[in-house]
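To keep things simple, chains are lettered A, B, C, D and E as they appear, and every chain counts its residues starting from 1.
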Amino acid sequence: MIWELELALYALLLVAAVLALWTRDLIAAVVALTVYNFMAATLMALMGAVDVALTEIALGAGVTGVLFIGGVSLMNRRSVD
Amino acid sequence: MEQLPILIPLPLLAASLVVPLAGLWAPRAVFPISVAAVALSAAMSALALAEVVAGGEALRYTLGGWAPPIGIEYVVDHVAAFVTAVITGVALLVVVAARRAAAREAAGRRGLFYALVLLLLAGLTGMVVTGDLFNVFVFMEISSLAAYALVFRGGRAGMLAAYRYLILGTVGGSFYLLGVAFLYFTTGTLNMTDMARLLGEAEPNISVAAGAAFIFAGLGMKMALVPLHLWLPDAYTFAPSSVNSLIAPIMTKVGAYVMVRMFISVFPEGYLADEVPVSQALIALGLAGSVYGAYAAMGQRDLRRMLAYSSVSQLGLLAVGIGIATPLGLAAALLHVMNHALMKGALFLTAMSMRMGAGVSDVRMLAGLGRRMPATSAVFAVGAVAMVGIPPTAGFFSKWYLSIAAIDEGLWFVLAVVLASSLLSAVYLFRVIERLYLAPAPAIAGGADDAPNAAAPAQDAPARESPLDVTLPMALLALATIVLGVLNVVVMERVLEPGL
Amino acid sequence: MEEVAARFPFWMIGALLGVGVWGMLGKRSLVKKLIGLNIFQSAIILFFIIGSMHEGATVPILWHGQHNPNAEDFVNPLPHVLMLTAIVVSVAVTAVALAFMVRLHREFGDLDEERILDELRR
Amino acid sequence: MTGESVSSPLPFVAVLVPLAAAAAAPVLGRWPNAREAASIAAALATFGFVAALLPGASDGKAATVSLLELSPGIEVALRADAAGMLFALLASFLWVLAAVYSIGYMRGLEERKQTRFYAAFALSVGAALGVAFAANLLTFVLFYELLTLFTYPLVVHRETPEAVRAGRKYLAYTLTGGLALIGATAWLAMLGVDASFQAGGFLGEQRWWTDGQLWALFFLLAGGVGVKAAVMPLHSWLPAAMVAPTPVSALLHAVAVVKAGVFGMVRVLIFVFGADLLRDMGAWQVIAAASGATLILASFLALRHDNLKRRLAYSTISHLSYIVLGVALLGPLALTGALLHMVGHGVTKITLFFCAGAIHVRTHRDQVSGMAGIGRQMPVTMGAFALAALSMAGIPPFILFTSKWYLGWGAAEVGQQAFLIVYMASGVLSAAYLFPIVIRAFAARSPDFPPFGEADARMVAPIAVVALLGLAWGIAPDLPFGFFELASSVAADAFPSSAPAAEAAP
Amino acid sequence: MRLFALALALGTAALFIAASVDLPDRGDPDAPASNYVAPYYVEHVEEDIGIENVVSAVLADYRSYDTLGETVVIFTAGLAALLALARRERHE
């Protein structure tokens, strides 16, 4: 695999992580977190870890995202920082 | 009894499946089942200890028959058997003693509550008996998750404390995992025995050093080593009484045990002092912690918070013992694991008993309880004396061996700090004893707001001695601090020395 | 360039760990702390996976009927197994933390750590 | 130590009896008569057991019992050697009298929590006997710490704010001292030194010590026992602890606790370091200077205090330093004198405290200035006080004259005439702070006293006994227990090269 | 606090990057982890277990304790969440 592509994916990962912490809209933050986990899963798949990638998408991105959305919808959407 | 290693956590796990169901249909059965499971686990630990001491060999068991490093191995050697026996034994007494408090604090959720208690213990015993680095992580998370949830039951303040505990605890676990990753990538194995062999052969390199650093940072978080102790005071103060008398004596000790394990069966001898300054850091932070904890405890008015800071202080001493890392230093640390579990178990149970019987936990309100709650107060007095380290209580001997180990290594300042921290603990503990026995207690020179009349209210508050099922286990713990103090040579020579 | 090609994943993981720590300790919002924790854990998981791969190897699934497989053709399966467990653990922790958070919100009407502390002091 | 050992459980039994009595006190707490009878019986039994050890100790066949291994290689062992016997006999004998006296005192004042008092009292005596019989440093430290712990409830017995403050001070001083001892003991244990007490010291045998190490050990050990021996500047807990009931002050702060400190000084200086080593180091000068200064200073401070118990407390501090100085002079005569002074001061000072307690019970007066004319109403009590005061001043033929004779001679023997003068000056000061009390008690008339008469017979009888003993032992120090013989045999063991002390008999 | 957190975050990142210099390169076929235990799984899975997915085989058999632990973690988390969300008003 071309390592430059991988590097680009890592950069996206980093951007998503920073975004998730930076935005004050919690729903947006959760979306960013889901993107982050999804990117991570993609990277894992690229590195040959198919099972882990599937689990990461299902649990890390899927379940976590749903839990977060569910949780946040019960609370304030705005965050202090 | 080849399966003994797995039989220690197994009754707890099995019972934790049954208990929530029992909670739904037969709430009365919850407590007996839980106690039976803990007792069974304690019996298995005792059996394993007896077997190891008699046979002199570690018990090894591999599930599915896959020999390590392919599969996961459970190992019960002298040290592991000793630690499981201590934690299950103390847990048994505490669970029995905390029945009434738990019934109140777990109101309506008894099944869930006890299931989590059992899972907590299962996780802790699992961490002790496993011989696989990753498996330690899994069990650590089990016990931690259970602990977070139990602390969360402790009212409004307990909720935030539990949340912070969760964050910091998970960071600790993650750091541990990160450290394991480094070790795994340099050696290729996860089995402790195998790892020790490979690390011994390999050239020291930065990755292994970093692995050690991350692992010890994670474990330091779990065992509340200053400055990673921030979660502990709040968690111990606001947790339900029944819970903190369970987690305070044993939870942090297992973190300490895993550290000891790193020293004795993962890293080659001397590695953690020469290649990575882990030993030095442990000694420095432990000393800082033992003084800071004692100092902070002096300023506390809430009895449980005072005991929590006292834990920080005692854990600091434990870390010093581990950091010295000679067989004697490690033995001192392990002996302190036992002694501190007994003493803190007794002390937190008295705090629970005082809260239940007299409704107070403010040190200033305890005046005169010595007369109205004689058994509880007596246990507190014994526990406090042991904590200060007056011979022949158990607390004296861990400090004794620690001092000898420190002098042996030429660490004179360690001796000085150990002695000084005992004096500081005498200051705050005897202050409580004065309150208990010497009513009406005088105003303490602690600031202008500490007016003399603040001591008065408990006088006419109704206070009854706790029933026998609370006081008896408490008294047994107090008695054990004395008996095991006198018999410490047996523990040292039969159990700890052959194991180190 | 060689150097970059060989080492960049570690730098990135380091950066992600830093971001995670910042989220956990530098943010007042309890939700953000949890997000930071998630970032931190995922970074560790990714780190394990990076260590499992090697050049010219493929997914550790034997194609049908293959006998005497050559280990060099497959990436290391052990970290994958560990990480499956680690993912589950991290999701479990997240779930518990969210449950705590819902309860805290119900109790205090807020998820700002400072404000909860103020409320508690009162 | 010269002389062989005989294995015998007796020393352990002697320590155990008071502990058992302490356990019995709460059980019998509801029946005060039974409780107090048990206390007296235990005291008598303890004294009997201790006395039974006497023949062996004077023959040089010390009864020895080793109890259990407390730390690998270090045993808890008890050994009734001559020096230990001196202290044990004194403590157990005076316990009998104090037990009788306490009944009168505690009932006379209707004190609270008497059961706790008797239990803690018995425990303290047990610990003191343990200190006396300790065969090695670890055992010594063990009982020394227990003594601190068991006497704490007695110090704070009144539970007044003042008592609590005194208790804190007491703990702060003595626990710190104990920690210093523990530190030193741990150090020796780590080096594998067999820390069994030996006349002439065991440290001198080990050649590897550097000067710095020896001095560090010296300060830890001597400082640790110096706290209980109330050598200035470590003394201030003692006057504070006088808030305790008088029997406590009498037995514990005139006999058991402070004597444990002084006795510890004997053990440390003679049985751990040994005279030769201390002379080489020059360390004896430190102790001698500190105790010499204490001796004079405390006497002056005693003059200043109007409160009788406080005045006696400073007198105690001064006399303890007599003993410490005698030990530090490192001569056989001085050591004999010091040990005799330990016994003599115990008997004399307990007389004074008993009298102070009796006065307190009858009149509730504690100030010296309020005691004018009291001798007419309490002739036996004040008569005993007068005898004790004469003894304190070193007037022949009282026991403290004998001991001071030896101390003074001992100072001269080692060529330290300066200390001879110190001893003599302090004798004059003792007279100065005690005689006025006696004179005013008998000579002055006080119009405002209602008639009250003597105290309870259970108080007067012990007072008379101890006062007369002070006289009897002064005339014949060897009767009936052979204190003199014991003291001189300790000195002979410690300084084998010197001439036997008996030549110097007055 | 924020400065402290920032310092800690940068410290973690720096420590990690500094520490990783001795790790095998990305994709290094000679890395110890790939050559010690791992080949056994690939080479023996056929005869030992008889399924094709090595990851599943390791998960379900060689390291089944971890899987057991994993299940217990989920179970614990479930109980923990239930206990946390339980209303405390109810009494038995």
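The rule we apply is simple: a residue touches a chain if its C-beta (ideal position, glycine included) is under 8 Å from a C-beta of that chain, and two chains touch if they have at least 3 such contacts.
These numbers come from a predicted model, not from an experiment.
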item	value
Chain E and chain A - chains in contact with each	C
Co-neighbours of chain D and chain A - touch as defined	none
Reference chain B; chain at largest CA-centroid distance	D
Centre-most chain, if every chain is reduced to its averaged C-alpha atoms	B
Winner on C-beta contact pairs when A-C is weighed against B-C	A-C
Most distant chain from chain A by Cα centroid	D
Intercentroid distance (Cα basis), chain E paired with chain D, Å	68
Distance between chain centroids, defined by C-alpha means - chain B, chain E (Å)	26
Separation of chain C from chain E, taking each centre as the mean of its C-alpha atoms, in whole Å	9
Residue list for chain B, restricted to those that touch at least two other chains	134, 138, 141, 145, 148-149, 152, 178, 184-185, 190
Where chain C touches two or more other chains at once, by residue number	5, 8-9, 15, 17, 19-22, 24, 50-53, 57, 60-61, 74-75, 78-80, 82, 84-85, 88-89, 92-93, 95-96, 98, 100-103
Touching two or more other chains - residue numbers and ranges from chain E	16, 20-21, 23-24, 26, 31, 33-34, 37-38, 41, 53, 55, 63, 66, 69-70, 73, 76-77, 80-81, 84
Chain-to-chain touches, reported pairwise for every pair that qualifies	A-C, A-E, B-C, B-D, B-E, C-E
Interface residues, chain E side, partner chain A - complex	26, 53, 55-56
Complex contacts: residues of chain C adjacent to chain E	5-11, 13-15, 17-22, 24-26, 50-57, 60-64, 66-69, 71-72, 74-82, 84-85, 88-89, 92-93, 95-96, 98-100, 102-103
Of all residues in chain E, those that touch chain B in their complex	15-16, 18-24, 31-38, 40-41, 61-66, 69-70, 72-73, 75-77, 79-84, 86, 88, 90-92
Contact set on chain D toward chain B in their complex	68-72, 141-142, 145-146, 148-149, 153, 156, 159, 161, 163-165, 167-168, 171-172, 175-176, 178-180, 182-183, 186-187, 189-190
Chain B partner contacts - residues on chain C that touch it in the complex	17, 21, 24, 30, 33-34, 37, 40-41, 44, 47-48, 51, 78-79, 82, 85-86, 89, 92-93, 96-97, 100-101, 103-104, 107-108, 113, 116-117, 120
